[in-house]
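Working notes, structure below.
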Amino acid sequence: MTTFLTRRTALLAAATCAATLGLTAVAEAQTSIKIGYAISRTGPNTGGAAVTTIPNYELWVKEVNAAGGIKLGDKRVPIEVVQYDDRSNAEEAVRALERLINQDKVDFILPPWGTGLNLAVGPTLNREGYPHLAATAVTDRAPELAKRWPNSFWLLGTSADAAKSLVELLNKLRDEKKIGDTVAMVSIADGFGIDLSSAARPALTNAKFKLAYDKSYPIGTQDLAPIVNEIKALNPDVFIAFSYPPDTLALTEQSRIAGLNPKVFYTGVGTAFPLYRQKFGKNTEGVMGIGGWSGDSPAIKDYLARHKAAAANGAEPDRWASAVTYASLQMLQQAIERVGKIDRAAVIKDLQTGTFDTVIGKVKLENNMPTRYWWVGQWQDGEFYGIAPAKNEGARAAIVPKPAWVAP
Amino acid sequence: MSARIAGFGATALAALALLALVPRLGNAYYLALAISLLQYTVLATAWGMFSGPTRYVSLATTAFFGVGAYTVAVLGEILPWPLVLLTAAALGAIVAGIVGLSTLRLSGVYFVIFTFGLTELIRQLVVWFEVNKSRVLGRYVFVDITQADIYWQLLALTAAVFLLGWLIARSRLGFALRVIGEDETVAKHCGINTTFAKVALFTISATVMTLVGAIMAPRWTYIEPSIAFNSMISFQVLIMALLGGAHRLWGPVLGAVPLTLLFELLSARFPNTFTIILGCIFLLIVYMLPRGVAGLFEKLSTTAGGKARQRANA
Amino acid sequence: MTNAILTGLMLGGMYALIAMGLTLQYGVARIMNLSYGEFLIAAAFASHWLFTGWAISPFVGLALVVPLAFVLNFAIYKLLLTPLVRRAPNRDALEVDSILATFGLTFVIQGLMLALFGGAYYSYSFLAFPVQFLGETVAANRLAALGITILLGLALYAALTRTRAGTAVRAVAVDPFAAQLVAINVPQASALTFALGGALVAAAGVLVSTFLTFSASSGVVFTMKALIVVVMGGVGNMLGCLVAGLALGLSEALVASYVDPGLTLAVNFALFLAVLLVKPAGLFGRATR
């Protein structure tokens, strides 16, 4: 039995080797573009990757291949995908990329999900000269990183910018006498929450808002009732939570139960998820959250329809990083097509200087970062629209005060 | 006997010299894989050094690994590298000493879960400190250390761990530990200072784990508690060591190497059904290899030896 | 203050509920079940599917999911774990084997859930309205879960202390070898207890799914929480499980309300470690070995 197994394994291994060799030969003839990615299919990052990143990668590959592939010179070549599971682990993510680059010899690499993993793979992609279009990372060091790694593009912006936009919006609302000046803020004790709250804190104090509550809670907190109850007792005008999806849902539910209904109710990652609307229905009305998109634009409407048609059981994209992720793939494709061959240095150059036509509108990067972002969105009539920065094209006016919670 | 040791030493040195050439292959993926193999080899061997003879199952690997990684995150850009490593080792040893002294009364599953709780406690405290005191969560490590450097450091550590394990096994300490593993009461009656023996070994093993964390940290640029204190490391190391057979110094390697390769192979071939296949293979191994891979080797060698003896008698 | 205590009780009740099944599986059947949390999540998915797909209330879902889980766990014990129990020369060996086997099982169940439901977060609204209780506003679903937990706990306690089968189970928990001598069918009792533990964790999964957001990969959180409660209370001890769960829940709620929500988990773990330092076999455990 053992010998039989070993022999069969050996045969299998031999066959696999042969197949791999065959594939490499094919790739050299450039009849396909090999695109690789390592994504979190297991572990704590799975929830985010499954909503925002994986469906968009799959949608894009499907659409490009249905159209004949990416245009290289005068012919179209289909995309061939190599993918791994990074198990939400930085070491696995780095090693998977090294494998994609050295073993699979992929032509381009799509980044992992999340700030931490994008930072972890940064040096590898930089060393090997692959473009790095980080569409799901928010970090204050983005400008500095873009300088350090000129191949990296930070499409989701910085937390300082996010906090600034939010405070500007609040300032405007206060000037319009729509809200008072007490703010209650909670944040998750993780990179995202801490970055944002440390940026928002000085911005709020400088704008002369009163911070009545300012605490953080650890990842994995299973009951947020004490926080919500305490905040309710303070009766703030504005509630800000820099939270992750499970807590965003829990905070909203608990607020509804405790009757915490401030004039501005803002929650973090997850507010823009379709799951949020599915769970809260009419109660989403007036809830603000991080992200947003120009829900009225035809390009976005079209993207939403295509995403729904292609995704398993008709899942919708989230209303923030999904569209940016998809746009980053369009940018990559347009850059490759303009260069006309697999020349990664030239593609990076084109990404730095070119203008791109994407689902989120025309994008032209400055210092490897976009010039406009959606930072605050609001659920209005069952759709999550971008409302700030107000100068963005397609920005809607905010509904303030938030309507009262209704019984489900 | 001494000739055998000399021969063995020479073989080990030759193997070491050969392994040191891996970075010269010039393939970053092989280097990455080798780093990963070494990382788990050292961790699992260090784990087995303590848990094998004493039969205390520890889930604190992550705690020490994380302490090492965080030391680099904090001091990496301030101090010269050897000093950083020394500080990490010292910190690991201190934490391990305190933990070792305080956990002596626990046994069985209480020890297992205690070590897990300890890891989480350290992680929560680091998070709380970073959030409220330093106001950053997630630190960047930009130090000048190449992948090959990481590999060589790990290789040196591997060699040191095996040498240390071999020396301990031959020492009074090693003997004392084996007695404790068989029956702690008997050990006490024999006049063995069980407290000292256990804490000493726990500290040695933990210091090695801390060093692994410190050496690996520059690989990721960015360190946050969920990366440094990833509890999967504890579980993987435990499984590898148990699978290989923790009752031998060389047992954990036999679990660490094949499992790392298996993970690698499966995640490449079946990214979507990876977990199901992994689980099934895992169950198969548990049922087919009751005493770990080391047990299988022992069985093979004893049956081979037995046959040889039979033939000699006939 | 009432509010913090009430919140703590509800949270603690949830912890106790999560841990009850494990204390049976580990305390009596001697299986250190690392795939425990995956069973919990599987039940949560089942409840979600019944509720959103078929509009079946989770309370009715309990009646469907719990018996199914009982049968499934019985089969798992008989097919997968009995060979390990038979071949294990002593308790330590069984512990190691069960850790390894259930770790493998974790991957299988998680993989199946990923294949069926994908990696995204799931959540639904059931009884998500405020109710007045002792002059405080609390969530109806959490309160209902607490009520059911208390009922389950009392029923289980009565079954263990007042019935013949329960006495047999407790005898196995104390000493499986001696239990055999007094004509207790130990393998059968272990299998039934393991299945009962599985049924309890399924109940926990259904109840928890009414108010927590979950995904296919969140099982490990519950496994570890359950292990901590079980160990803190003393392995195999129902009362210990309840007290430990409540202590953790209360400390979490009080710290969140009066100290700093950022320290809740740290205090939880510190409390757990402190208990073990003072009482190495848990609150109600007997020192063995």
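Chains: A, B and C, in written order; residue numbering restarts at 1 for each.
Quick note on the criterion: a residue touches a chain if its C-beta (ideal position, glycine included) is under 8 Å from a C-beta of that chain, and two chains touch if they have at least 3 such contacts.
Worth saying up front: this structure is predicted, and the values here are computed from it rather than measured.
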Touching groups left behind when chain C is ignored (all other chains fixed): one piece
Of all other chains, the one whose Cα centre sits farthest from chain C: A
Centre distance in Å when chain A and chain B are each reduced to the mean of their C-alpha atoms: 36
Rounded Å distance between chain B and chain C, as computed from the means of their C-alpha atoms: 31
Of all residues in chain B, the ones touching two or more other chains: 124, 127-128, 131-132, 272, 274-275
Contacts with 2+ other chains: residues of chain C: 110, 114, 260, 262, 265-266
Contacts with 2+ other chains: residues of chain A: 41-44, 189, 216, 218
Residues of chain C that touch chain B when the two form their complex: 26, 32, 80, 83-84, 87, 92, 95-97, 99-101, 103-112, 114-115, 220, 224, 227-228, 231, 235, 260, 262-263, 265-266, 269-270, 272-273, 276-277, 280-282, 285, 288-289
Interface residues, chain A side, partner chain C - complex: 40-44, 46-47, 49-51, 54, 186, 189, 215-218, 220-223, 225-227, 229-230, 245-246, 249-250, 253-254, 256-259, 270, 273, 275, 279-280, 312, 315, 407-408
Residues of chain B defined as touching chain A within the complex: 27-33, 35-36, 39, 124, 127-128, 130-132, 135-138, 140, 216, 219-222, 224, 226-227, 230, 232, 264, 267-268, 271-272, 274-275
Chain B-touching residues of chain A, taken from the complex the two chains share: 41-44, 83-85, 87, 89-92, 94-96, 98-99, 101-103, 115-116, 119-120, 122-123, 128, 141, 189-191, 193-195, 198, 216, 218-219
Chain C partner contacts - residues on chain B that touch it in the complex: 55, 57, 102, 105-110, 113-114, 116-118, 120-121, 124-125, 127-128, 131-132, 231, 235, 238-239, 242-243, 272-283, 285-287, 290
